[in-house]
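Dropping the structures in below, format is structure tokens.
Two complexes are shown next, each including subunit A; its partner changes from subunit B in the first to subunit C in the second.
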Partner chain A sequence: MSRLLGILGRVEGLPVGVVLALLYVAFMIFAPTVFTSYRIYMSFFQTVPPMLVLAIGLTFVITAGEIDLSFPAVVALSGFVFTWCFETFGVAWPGVLLALAAGALVGWVNGFLVAMLRVPSIMVTLAAQFFWYGVTILAAGGLQIDIASVLSSPVHGIFVGRLFEVFPVQALWSLGLVVLFWFILNRHRFGQAIMFIGDNAEVARVMGIGVETTRIRLFTLNGALAAFAGLILTLELNVFYPTQGQGMLLPVMAAVFIGGTSIAGGQGALVGTFFGMYIIGSLEAGVVATGIGGYWVQLVEGLVMAASVILNIVIGDSGLSALSSTARRWAVGRR
Partner chain B sequence: MAESNPARTALRVVDVDKYFGSVCALKKVNFEVGRNEIVGLLGDNGAGKSTLVKILTGVFPPTSGEIYIADKKVDTSSYTVKSAHALGIETVYQDKSLGEKQSLWRNFFIGRELTYPLGFLKVREQKRIANEIMVNTIGFRGRGISVESRASKLSGGERQGVAIGRAMHFEKDLIILDEPTVALSLKEVRRVLEFVHKIKEGGKACIYISHNIVDVYEIADRFVVIDRGEIVAGIDRGKISLKELDEFLLEYSHGLRDRAGS
Partner chain C sequence: MRKVMRLAIAIGLLAASFGTWAADKEIVIYMQMGGTQGDASTLARTNGARAAAAANGVKLIEQYSKWDQQTMIDQFKQALAAKPDGIAIMGHPGETAFAPLVDQAEGQGIIVTSGNNPLPGIEAKYQTKGFGYAGADLYAGGYLTGEAMVKAGGLKAGDEALVYDIWHQEGRSRSSQGVYDALAKAGLKVDKLDVSAQVDSETSLGIPILTAYLQAHPKLRAIGTQHGNVTAILPKVLQAAGKKPGDVICGGIDLSPATVSAIEQGWISASFDQVLYLQGYVPVMQIVWTKRYLVPGLHVNTGVGTVTPQNVASIKPLIKEGIR
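Our next item is the complex of A and B:
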């Protein structure tokens, strides 16, 4: 028992995972017809992945002690670049690469302004958010673009196809990215540099970390990730619309904080972000399915968010390990 | 170890001037540290200690003058913090040596990670070595602190110990301690002084900057006094008592002693 708790104390994102599990149990009790069928989960696997990809990038940015408000605009821009390329040249792969490059470019500009000109990231990315939405709307003439023909392209199958006709592949892509970026954050030189910079940039500097280069890379990476999110969103819907991505900022940010990433920087919890994003992504459908009515959705969302964040602070990290050592003392009976 | 190093001095500074605009911060500073010597750098606030340290560690270049590291001349125009590290000089700052929220094994290897080809960390090996340094080099035992502990769990003295142990592990020939005992309790100060002894035992050199004369007197082989941008005295430990050193410094801080008198 004590060993179990000891292990649990070290599991990243566990409190949030418990909240997610409890949430699904509650939904299964109060909306059994919907939540005991696999369909609702397939629908989550279809809607959550773009936001999850965004949340991965934002976790990195917040860990570094910065913020990025511009990613919704990148979702729109990358969707436009891809659809434009696909419409104009009839090929999908170059569109994918161009869209990712566009996102990376937006991120690089953000990073350059933050790192080199020392403009606070909240201002840089707020301005970028308006600017790149503006660029996208201008370029698209304010119109949505239908790309139904993309359905027959292999790109569609690879990024947003259905495994066994039901399982959305994008869920695997986003999960794969969570795993990859967990290793980059926790087991790679780059991730470690990000944590130290978020912790104390001066310490990072005197220990020989290239603080400016790392910041530029970080924002570039976040731009590319946001572009990938825009890509799977556009491909899934087979349509680009110039306001896509709007309304994603706050849910994605909420997921990162629910997940236990510190707003003060210095530590990031990608597993928590993963659970947090599925909590946020499941709430609306879940609350509606229980039949208590649409007006309750936001209230319940607010409650669950508050509960998760509080849970993280109370039993997360040192809290849970303290609990486990107390339990060990009880179990072993020493002192 | 140091025996294989033929250099006579760890560091030598010749006629260094530093001007900020028209303000003279350092004037014709000559200074050296033997390769297994602990030098106490003393001086009042604003005397030029930190300016000198920043020049030595490559934060900014001197206006004129020469710097020799291990008897080799350094090109001061291209000398940076990174090149200071590469040449074996490391500074341990009071408050910016460790990432507070990071585990000790990360703090030991930050900036000098052991990695696999793609830049992924050799976590197990880093932890093993960090543990070795903690137990053998700096002598942390028990106390519920492991390589997994976050730096914020350590006391101020222990943090200095980690930073000193880290510098020693990476074979730094000269470790500069910038006011390492400010804001520490007496017990913690003792610990830091023990760590400094380990630098000496390890055959390395150290510049110990402080305005607490008692600490410096206990561990330094030689005292260098800096006042208003000039080195005014270099005294071997054996040639002065703590009381005499104290009185000597007081005269400077009261402006009683004329500089020509030294």
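Our next item is the complex of A and C:
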């Protein structure tokens, strides 16, 4: 028993995964018509991926002991860059590359200011959020742009098409990125450097880690990921609107923290982020489907979020070890 | 001595003529436009205000609040501090919030007028000083949209309908109440669902919520909303729920490119059009008329109509020009 608990305690993201599973079981019991049908899950696979991609980048940034508040602006900027390129030249691939480059550039500037000029990342990225959002609105003239013709482009099929005419491809992209970045965070020097910096930047420097270079790369990576999120959001809706991404800041941050990434840095949990994002992304729809109406929705959402975080702490890595020790003592006492 | 007097007279004349020129040329107006620059519920209003300003030599300061009521109040205070000739406000924060600020402005001789959401008490108090209103009757507009939905879909008593909107803000749900009442009067079983703050700022997050609602209510025949961006995502919702155009009758508001496209394709049966261009043009003219000709506040109904698959082709060129 205690060995089993010990093993479970080392499974990354397990408590949040359990919460997600319990949540879906509850939704299946209270809203069986909705949650035993595949359509609602396809809807989640359609709308959660942009936020999940954002959450991957933010998990890295928070693990490094930094914060990035500018990603909503990058979502809008990259969506505009792609749309402008597609509308102006009628080609999609250069638009994809330019959009990603624009996001990476914003991230690089953020990283440079944080790493080289030692400006706190919260200030740099807050200013960047206002600045790049303003740039996007100015460049777009505040207009929504309909790009229905992108539906016939291969880019649309590759990034947000439907497998077997049902399954949203963006869900596979986001899952693939989670796997890739899990290996980078846990098995690659770059990931190790991020964790060391998040734990103690000065010690990391003494160990020979290029703290400044790593921070610049980190923010650049986050900018590029945010741009990719903006891209799939724009392609999915076939329309660019200047406010896109602006409502994603809090849900994405909530998913990262629910997932178990330490707010103090030094520890990142991408699997937890993955489950956390699906909790956040499906919560309101689930509550609505159960028939809990009116203003109760927000209250129930808050309760589930709080329960997720508490469960993560109570039966998380260290919590499960303590539970395992208690179980061992109890077993010894019985003998 | 004569030289000094001549110089004084010359300076006096110059100052007087400059004053006259300034009075003619430099009417400064702060105007609250509503959402964000260029969005579907704001663009035509901005264009109308700019046209009126250009025609009258007005310096127009545009204020965008993302429909946030606190921001509207803050913007009024900022405008007040700049002491302009006039301020055009949105009525959404309500009379309790705006009354002391309008009192202060009027006390300083600033002309205040309103739009989009009426403030009848303040309007009655300061109408003689130029406080007018330019906007549609939102409730009537919503009611008309609801009636158009019933007509378009042949909806009948006992059919299920949903009105999805920002019910937690009274100032932003008047037209939705109109939709609700029109559907209810036709005998439909109407449910209300609140648009959360999260969905309000990122409407793509509303897709799974409405999909879940549709799945939970397989007999749902109609969805109404008076949220411009939610209107735009309705086709995506219906596609996600496996519906075809016409399976669920949808009614919305405003004329964003995505909404116009959805009307053309038959996903949306009616969208409320409140002639936003006039809601921009009239408040600027109101302040100019009051400033120059002491015209009292005018209560202007900018019109209530719906854009449907039948008339969208004729109105589309005007939408492209940013006039509708």
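Just so it is clear, the second predicted complex is superposed on the first by the 316 of 335 C-alpha atoms of A that agree within 3 Å, B and C clash if a C-alpha of one lies under 4 Å from a C-alpha of the other, contacts with A are read in each partner's own complex, and residues count from 1 in each chain.
Definition applied: contacts are C-beta pairs under 8 Å (C-beta built on N, C-alpha and C of every residue); 3 or more make two chains touch, one makes a residue touch a chain.
Model, not experiment: these values are computed from the prediction.
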Determine, under the contact definition given at the top, whether A:S43 touches first (subunit B), second (subunit C), both, or neither. second
Chosen between subunit B and subunit C, the partner touching more subunit A residues is C
Review point. Which holds for A:I209: it touches subunit B only (first), subunit C only (second), both, or neither?
Key: first
Check your understanding: So, A:L250: does it touch subunit B (first), subunit C (second), both, or neither?
Key -> second
Residues on subunit A touched by both subunit B and subunit C none
Given the complex, residues on subunit A that touch subunit C span 31, 33-34, 37, 39-40, 42-44, 46-47, 50, 137, 140-146, 148, 233, 236-239, 241-248, 250-251, 281-282, 284-286, 288-289, 291, 293-295, 297-298
The subunit B residues in contact with subunit A across the complex are 81-82, 85, 91, 93, 96-102, 106, 110-113, 115, 118-121, 123
Listed in rising order, the residues of subunit C that touch subunit A in the complex are 36-40, 42-43, 66, 167-168, 191-194, 196, 198-205, 207-209, 211-213, 215-216, 218, 229, 232-233, 236, 240-242, 256-258, 260-261
Listed in rising order, subunit A residues that touch subunit B in their complex are 183, 187-190, 192-193, 195-196, 199-200, 202-209, 262, 266-267
